[in-house]
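What follows is a pair of complexes built around chain A, which joins chain B in one and chain C in the other.
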Partner chain A sequence: MVYATKTRGRTLTLRVSGMLWNRSLVMEDVETGSLWSHILGKAMQGELAGATLDVLPAVMTTWADWKRAHPGTTVLDMSRTASSFDRDAYRPASKFVLGVVIDGSPKAYPYDLLSRTPVIEDEIAGRPVLVAFDPESTRGAIWSRRVGDRVLDFDVSAKGSPESGVAAIRDTATRSSWDPLSGACVSGELEGRRLEALPAIVSHRKAWRVFHPHSAWAGARPAKRPADLLARFGESYRDIDHFMRPLDDDGWKLRFRTLRELTLLGREATADLVAALADSRPAVGVLAAQALSFIGDPAARPALERAAVESSSRALRLYAVDAIGAAGGKRSSELLEKISRDDSNGDVRAHARFALERDGAGIGTLYRDLLRDFDPARIDTAVVGRPAPEFALESHDGRSVRLSTFRGKRAVLLVFIYGDT
Partner chain B sequence: MRDRKLELDKAGVEVLVIDPHEVYRVRHMLASKAGAPLVTVLADPAGVVSATYGVAMQMKIHVERSNRPATFLIDRDGVLRRAWRGTTYSDRPDYDTIRGALTELGDAR
Partner chain C sequence: MLSRRRPVQSIPSAAVALAAALAASTLSAEEPEFAPRRVARPFPPITDAPFRRAADVTDQVLPNELVLGVVVEGVPRAYPINMLTGPRREIINDRIGDTAFAATW
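For the complex of A and B:
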């Protein structure tokens, strides 16, 4: 990305600080020593904390592509210590996004989506935009569709003459022909006009999620309805009377997948989950309570309090108590104290104590964060004779432990336990 | 227990225990036992690793849905060599079984 270095009336000299924040480079300005996130363009610490830099439109592309578009280009002469840009650095496409922030609203366009659909008409924060991408050079651009006092719509499926890597497109109002990658009108009534470039950046998909957790995502599948997920679960799930599922029984996969999908819906699922607490099939109510314990929505508290006290199912009472704790706050402390003394089941009493130990701290987005990046295709993929599936988990003493770091030791024993209660 | 851990250390074996609860619950469990844990205990509250290894949500421990007890042996190249998936609460390979499986891995290299 490229930033204007003038902010708050002064021009800054920015350099690399040598520090990282969220695994991303931190800049330092020479003038005040304030520390800046390079991906947000925002001062995070120091005298200028809170100040922002204006992002300037820039493109990341191959030299051949740039020279074709700008034959008269000049080159900033830098030492050749850095390795050259390699377009393969931006493959596989599934790892990168073209991102833009408009009026505080971030939106990401995954490279794999853009490879399939290189020109997209869209609207972000009420502003009409056009997104264009060249899969060959991996150059992407985001333009405003406002030209003068009119907003242009484009026939993005039309095939015009190729001016750059992507076919030209026509606007529907004047049938003028545009090069979507350069933003220039190449023929027709509007020939010579240019679309205004918006400051899009190329980012790792994961980094975009970390720095813009509330970002919209182009091409995201429409969310499944929680009621449909619960209905499918209710129809297909067979609970077991025994304490352990037989080895060849994979009913747990449906339970895990449904729980994951419900958790990813977050608070949008709360109303349907609350309704499902009263489902006549015990397994559905228990799953709904467990999903609420992953989501931690305070709005579910009254229904959970009722379930925790009144339900005849001890499993439902247990997960309802978990969910009350996960929602955070101390409004239910008295009730939890009572449950921890009076419930007829020892596990429910223990979980009420666990909920009290949270001391009002809710679960936040812990489960959503852990489940979001999990690919369900990985379920049950540990096979003798094949590489053990890689993972990273937090240890009891706060370290992030990755399985592959033990490669080269004679052996690793992975011991799965069921826990303390 | 401590002697076996020393023996495993000496044999170059890393033991990783995976608990299906949040880190604070893991610490709570450890605090109730005497002394510092001998091995690394990892928290897998969302069950993503437990599901990957095919052990998640398969057991009712009283009323909670929890992991099937299971033990996996991985060799120095990262290849899964043995999998013991339990069918009862306490169904685990005994120490001699593990020692035998380690011997089968050999000491190549």
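For the complex of A and C:
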């Protein structure tokens, strides 16, 4: 990333602060000691808090490609710090994105999508853009399609072969031919004109999600319908114990995959989930209540209050109580107090006490962020009598601790704390 | 408090506890909270880095290696990632013409 260092009328000298935020570099300016997020280009703390740095359009590409495009270039001449950081660094493509923020609207173009579709015409925050990618050099660029007074549309169907990278494309207005990677018009009426480069950066997919939680994503699959997800779940389940105990592989993974998709749909799913609370198959109602406990939509409150009192399924009552808490349990305190005294099941009573404390703020966003990258396919299932599956968790002091570190050294006791604590 | 009873559903209960703990830390739904963690002392800024012309490059940077390339006031300049990856090197303060900028990794 290349930043213009003049902001608010002064030129800053930036240095590595020695701090990290969400595993990402924090910069410090020598002049005021303010702390800057590297990925956001924004002062987060100090005298300049709130100030931003302009991103200069820069590209990440191979030296060969850069030198070919700019034979007169100069190049930094410091000693090397790593053996070879080459284009393989951006593999697998699925882990990286080309990202851009236009007028406060972030959008990400995943590298695997760009490898398949190297030229994309798009619009971000009302601004017409052209996205181009060369799988060979992994160079990506985002251009404005506005040239003078004109907005250009391109015929992007003429794709380059995988060997030659990206071929020239024509604009539909003048049939001039453009190189989508350099942004230059190479022949035709507009020859010599250049597209304006927009400040695209290469980022880890996960980092982009953390720093731009509301980013648009190119190629995102159209949302599934909540009713379809519930129907698929309803057809596949065997009985409620199949999902609850024992937690066998197929059972919990189907359940969590469905919960994840419903949670990502958020409040769009509320109406279907409320209807499903009364489903004749107990597992479907339980799942719907649990999904509502992840979404935290106050609109579901009346239906949840009924279910929490009237359902004959203790699991459904338990999750209905959780869902009331997720939507702000303090607003249903009378009902929850009654449940915490009178319900026949101790777990439901405990969850009601817990729900009473909750204000429900931000719960839907929180769960969406937690579940977005959650992939049950990559998680092993613990089985009685077999070694525990490997996992890693962050310790209280920020270190990553793997279970295998302890293998053969000492006994490990795993305690998963239960809900009312 | 650990339950004396066998829980009906242990995994979702743990998830609720986790979510509640996180929610209680007043996490803003809109913008991630700035919570930096110090892992090293600050490094001195780099302000006068040396450059060479492309024609003079031998094995300082190899054809397949990645560079951060920028054109400022019509002047192209490249920063090989292999020279930026150490924590002392992640920010190069630079200037071309009237434009002050920093190449960062």
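Convention: the second predicted complex is superposed on the first by the 334 of 421 C-alpha atoms of A that agree within 3 Å, B and C clash if a C-alpha of one lies under 4 Å from a C-alpha of the other, contacts with A are read in each partner's own complex, and residues count from 1 in each chain.
Simple rule for what comes next: a residue touches a chain if its C-beta (ideal position, glycine included) is under 8 Å from a C-beta of that chain, and two chains touch if they have at least 3 such contacts.
Being a predicted model, the structure only gives us computed values, none of them experimental.
**Q** Looking at A:Val2 after the superposition, I want to know if it touches chain B, chain C, both of them or none. Which is it: first, second, both, neither?
**A** Touch partner of A:Val2: chain C, not chain B.
**Q** In the overlaid three-chain picture, which partner chain does A:Pro389 touch, first (chain B) or second (chain C), both, or neither?
**A** So A:Pro389 only meets chain B here.
**Q** Quick check on the superposed pair: does A:Ile379 touch chain B, chain C, both, or neither? Answer first, second, both or neither.
**A** Once the two structures are laid over each other on A, A:Ile379 reaches chain B alone.
**Q** Can A:Thr74 be said to touch chain B (first), chain C (second), both, or neither?
**A** Only chain C is touched by A:Thr74; chain B is not.
**Q** By the touch definition at the top of the document, which applies to A:Ser312: first (chain B), second (chain C), both, or neither?
**A** neither
**Q** If you stack the two complexes on chain A, which partner ends up touching A:Ser344: first (chain B), second (chain C), both, or neither?
**A** In the superposed model, A:Ser344 contacts neither chain B nor chain C.
**Q** In the overlay, answer first, second, both or neither for which of chain B and chain C A:Val412 touches.
**A** After superposing on A, A:Val412 lies in contact with chain B but is clear of chain C.
**Q** Once the shared chain is lined up, is A:Trp252 touching chain B (first), chain C (second), both, or neither of them?
**A** both
**Q** Chain B or chain C: which reaches more residues on chain A?
**A** Chain A has more residues touched by C than by the other partner.
**Q** Pick one for A:Tyr367: touches chain B only (first), chain C only (second), both, or neither.
**A** Touch status of A:Tyr367: both partners.
**Q** Name the residues of chain A shared by its contacts with chain B and its contacts with chain C.
**A** Dual-contact residues (chain A): 244-245, 247, 252, 290, 294, 314-315, 318, 345-347, 354, 358, 366-367, 370, 398, 415-421.
**Q** Once bound in the complex, which stretches of chain B touch chain A?
**A** For chain B paired with chain A, touching residues are 8, 11-30, 32, 37, 39-83, 85-89, 98, 102, 105, 107.
**Q** Help me check something: in the complex, which residues belonging to chain A touch chain C?
**A** Answer in residue numbers: 1-6, 11, 13-22, 25-28, 30, 35, 37-38, 44-45, 56-64, 66-67, 69-87, 89-90, 138, 210-211, 213, 244-245, 247, 252, 290, 293-294, 314-315, 318-319, 322, 345-347, 350-351, 354, 358, 361-363, 365-367, 370, 398, 415-421.
**Q** What residues on chain C touch chain A, complex-wise?
**A** The contact residues of chain C facing chain A are 1-3, 5, 7-14, 16-20, 22-23, 26-29, 32, 34-47, 49-54, 57, 60-72, 75-93, 99-105.
**Q** Of all residues in chain A, which touch chain B in the complex?
**A** Result: residues 240, 243-247, 249, 252-253, 255-256, 260, 263, 290, 294, 314-315, 318, 345-348, 354, 357-358, 366-367, 370-371, 374, 378-389, 391, 393-396, 398-399, 401, 403-404, 406-421 of chain A touch chain B.
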